[in-house]
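Next up: some structures, all given as structure tokens.
Two complexes are shown next, each including chain A; its partner changes from chain B in the first to chain C in the second.
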Partner chain A sequence: MAKHEEIFLPDDLYYDRKDHLWAKLEGGKVRVGLDMFGQKAAGTAAYIKILPVGKTVQKTRAFGSLEAGKYIGPLKAPVTGKIVEINNEVIANPRLVNTDPYGKGWFVIIESANFDNDIHDLVHGAENIQAWLDAEYKDYMEKGLFAEE
Partner chain B sequence: MIESTNSYPEYIRTSLASAIALRFRSGRFYRDVKPYCVNLLLTYPDYCYANCAYCGLARTRPANEGNKSFIRVEWPILQTSKVIERIAKYQQNIRRVCVSMVSHPMAVSDTLNITKAISRSSQIPISVLIAPNLINEEGLLKLKDSGADTVGIGLDAASKGVFERTRGKGVKGSLSWENYWDVLGRAVRIFGLNKVSCHIIVGIGETDRELADIFFKIHELGALIHLFSFYPEPDSNMSKRRRPSLKRFRRVQLLRHLVETNCIEPEALEFGASGKNIGIKTSNGKIKEAIESGLPFVTGGCCSRGAQAVLGSGDIACNRPFGSYRPGEPFRDFPFHPEPHDITNVRKELHLEEIAVDNEVLPR
Partner chain C sequence: MRKINFYAPGLKRYETSELSQKNAHSFMPVSITGSDCTLNCDHCNGELLKFMRPAKTPERLLQICQTLAKNGTKGILISGGCDSAGRVPLREFFDSMRMVKQTLGLNVIVHTGLVDREMAKGLKHADIDGALIDIIGSDRTIKDVYHLDATTLDYEQSLANLNACEIPVVPHIVIGLHYGKIIGEENALAIISRFKIKTLVLVILTPLLNTKMENVIPPPPEEVKDFFRKARNMLPDVQIILGCARPMGEYKEQVDKLAIDTALNGIAFPAEGIVSYARDNGLKPIFMESCCGFAPSAMSNEQ
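Showing the complex of A and B:
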């Protein structure tokens, strides 16, 4: 698992470089959530909206939004496909995004139309993730998005 | 006599925006808004002795245990010494610090000591939001000596009737309308014209006529008017009350601006039987000019040291981003100068075509 200070990124996930959504391949389906960079920079999640089951989303287009105390931003799909399941638990309790980002804090499961094609620009593999994490951590600290100890 | 121990309390609250700005909390702001003022709030184990119906800190608010919301969001409790250190560290990003009192026996001496400590460690101008029920003329003079250059007074209510219902006898509160006005006048005399602000909350039961009357009265006194849009605090006495509509708040913002910039006299306003503003008589394109400037809709707050307290200049330090509305909603007040597309939206939100506006060709 890639780690820097309190930030960690599991090796088995695929990461969107810009928006920090993660994707996890589960059979032919993709579970989607927000990584620790995304959730920490947003702040404590207060409201989450997600498109209903059955909607088709395009890669990089919003399937929902996350609102925190002082921020709102789109949740952008890391892959193209049909939403087959949404996490009602995280809609009812948005803080799960912050407290369990790789577990109970997931958003949707997408039936991917072309997973292999969609993942080419996502970060994957232990070494790649660690290198990306180190660079992102430096960038986020410089931008003042993370609290200081 | 005000007792002073020269030591400040160990802990203080900061607004969530200030906690992010000082990097006690991770987070970011929608549209990359920068919070320019560090807002501090005194905190005590026995909370605030007042019982204002709309306030998250009210004495009888049932959910007052723990770190509950105040003005919509969490206000983290932090070590005061560390907050003062961070203010000094990040002072290049900060235009002002505001220390807010609560109604507590220790509040005056604690405020004096915190103000002194901040003014010793940084060059940032300091405001104090005073509790008029606790402070007299001697206290105001000491505040000025301690380093505060402006003071704010949270009158909040636009009329004595609203005050009594929400802060006085109506809620078994101890605050007095007359006392607030007395201290407001003394503060203007001590700190100077446009160096005292008076906070008014829109949407807690007042009429448009009452708002207009209070705006003229505050302006005549030489104080500034800082508006807040009511946001119901969960579990407070007014938790079920609806917020003012955006249309009403926009019109009140415009009205405040027209009063503060001397663009209208009381006779220019027409009200219906219920006290609703139904007409504005003005000329020379003043309303159009005000709307197009965007200035009426910028957050009302204390300015930075370099800025003159030019009425309606929009040059503010205390911009309170997303203070009384969620980031997913239209801006109630803009923590920056609104951009052209924001002003386009504001024009629509005002719905001025619904009220009589004389001698003006209004933008649509």
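Showing the complex of A and C:
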């Protein structure tokens, strides 16, 4: 598992390298959430909007939006496909994004149209994830995008 | 065509379908006390300070600002917790603030808390671009929420001291500060109206986790609208802006529209759809990545 101080990123997930959404392959479906690095940078989640079940989303396009202490913006799909399930629990209690990012804090499940094609630019594999996490941490600290030091 | 300003400074990363930042770290907050605050007011409890970079010594402040400037930051907000007298302990930082401003070329805006004459002179020496101060119009709120042995006269005197030293000051009013109730806000407007002020920022009580107000209900949008109207009527020549702090989600969408309906002059981090709403109401939107209190006015031809 990749780790930097209190941030950890499980090895079995795929990560969007810019927006820090994670994707987990579950059969032909993909569960999507925000990784621990992303939630630390975003701050406390306060409001989440997600497109309804049945909508088709394109990779890199918004499937919803997040308002948090340090981030207001879109949640961008890591893969193309149809939304088959949304997490109403996280909509009702956005703080789950912070308290349980890889568990109850997930956003949507997408029926992926072409997972193998969509994952080519996602970060995967223990060494790759660790290297990416270290680089991201350094970049965010230099730019002052994390509050704590 | 009347203009309206929309601000997205680097205090948050921000992107909607209508507006997005080019530089997410153009304007950064720093706390000279870290997350420490003697008052631990009921609405904040030091929680807001946790989002700021800690710089507890003048040397550390300079060091942080050097790094920020190198990475494209254009301005900083120097904030911090208060001492027991309601003042941010800024005195030992005046020289380093001056260096940040004059050597690094960053805009320097300061959260002051209460300001005595000596602090106002120090801020003048520091050559800051402006001071931000929350004006509270109710002695009861000062006592109950801030736990502070002060009165509204102390806030009025703070404005007088800043004005006397010709420091640009942008007063803020927190609507609903008294546990979600609007009780002293109109008096705060009256206080502000007695001074030379170009810009007023209105924010709305946002219940924060780990504070005594985490379960408080913010003032209803209709009451907020009434207060926007009062502010507009009492201060017709002052630029009035809806600032960063306000509850999110549907509440924010409502009050942002009300800000436009009541002819406020700007909105920080507007909700999705508000830029279109402004256009539909005949306004010309102007986008800025600077702090709303010190950007060119929407009421002038400066832009």
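The definition used in the following text is that the second predicted complex is superposed on the first by the 146 of 149 C-alpha atoms of A that agree within 3 Å, B and C clash if a C-alpha of one lies under 4 Å from a C-alpha of the other, contacts with A are read in each partner's own complex, and residues count from 1 in each chain.
One rule holds for everything that comes next: a residue touches a chain if its C-beta (ideal position, glycine included) is under 8 Å from a C-beta of that chain, and two chains touch if they have at least 3 such contacts.
Here the structure is a predicted model, which means the values were calculated and not measured.
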{"item": "Touching partner for A:114 - first (chain B), second (chain C), both, neither", "value": "neither"}
{"item": "Partner chain in contact with A:69 - chain B first, chain C second, else both or neither", "value": "both"}
{"item": "Chain B versus chain C as contact partner of A:99, first or second or both or neither", "value": "neither"}
{"item": "First (chain B), second (chain C), both or neither touched by A:40", "value": "first"}
{"item": "Residues on chain A lying within both footprints (that of chain B and that of chain C)", "value": "41-44, 46-47, 65, 67, 69-73, 144-145, 147-148"}
{"item": "For the chain B and chain A complex, residues of the former touching the latter", "value": "16-17, 20, 23-30, 33, 73-74, 321-322, 326-328"}
{"item": "Interfacial residue positions of chain A with respect to chain B in the complex", "value": "40-44, 46-47, 65, 67-73, 144-148"}
{"item": "Parts of chain C lying in touch with chain A, wherever the complex brings them together", "value": "11-16, 20, 24-25, 28, 50-54, 64, 67-68, 71-73, 209, 248-249, 252, 269, 272"}
{"item": "Contacting residues of chain A [partner chain C, same complex]", "value": "41-44, 46-47, 65, 67, 69-74, 95, 142-145, 147-149"}
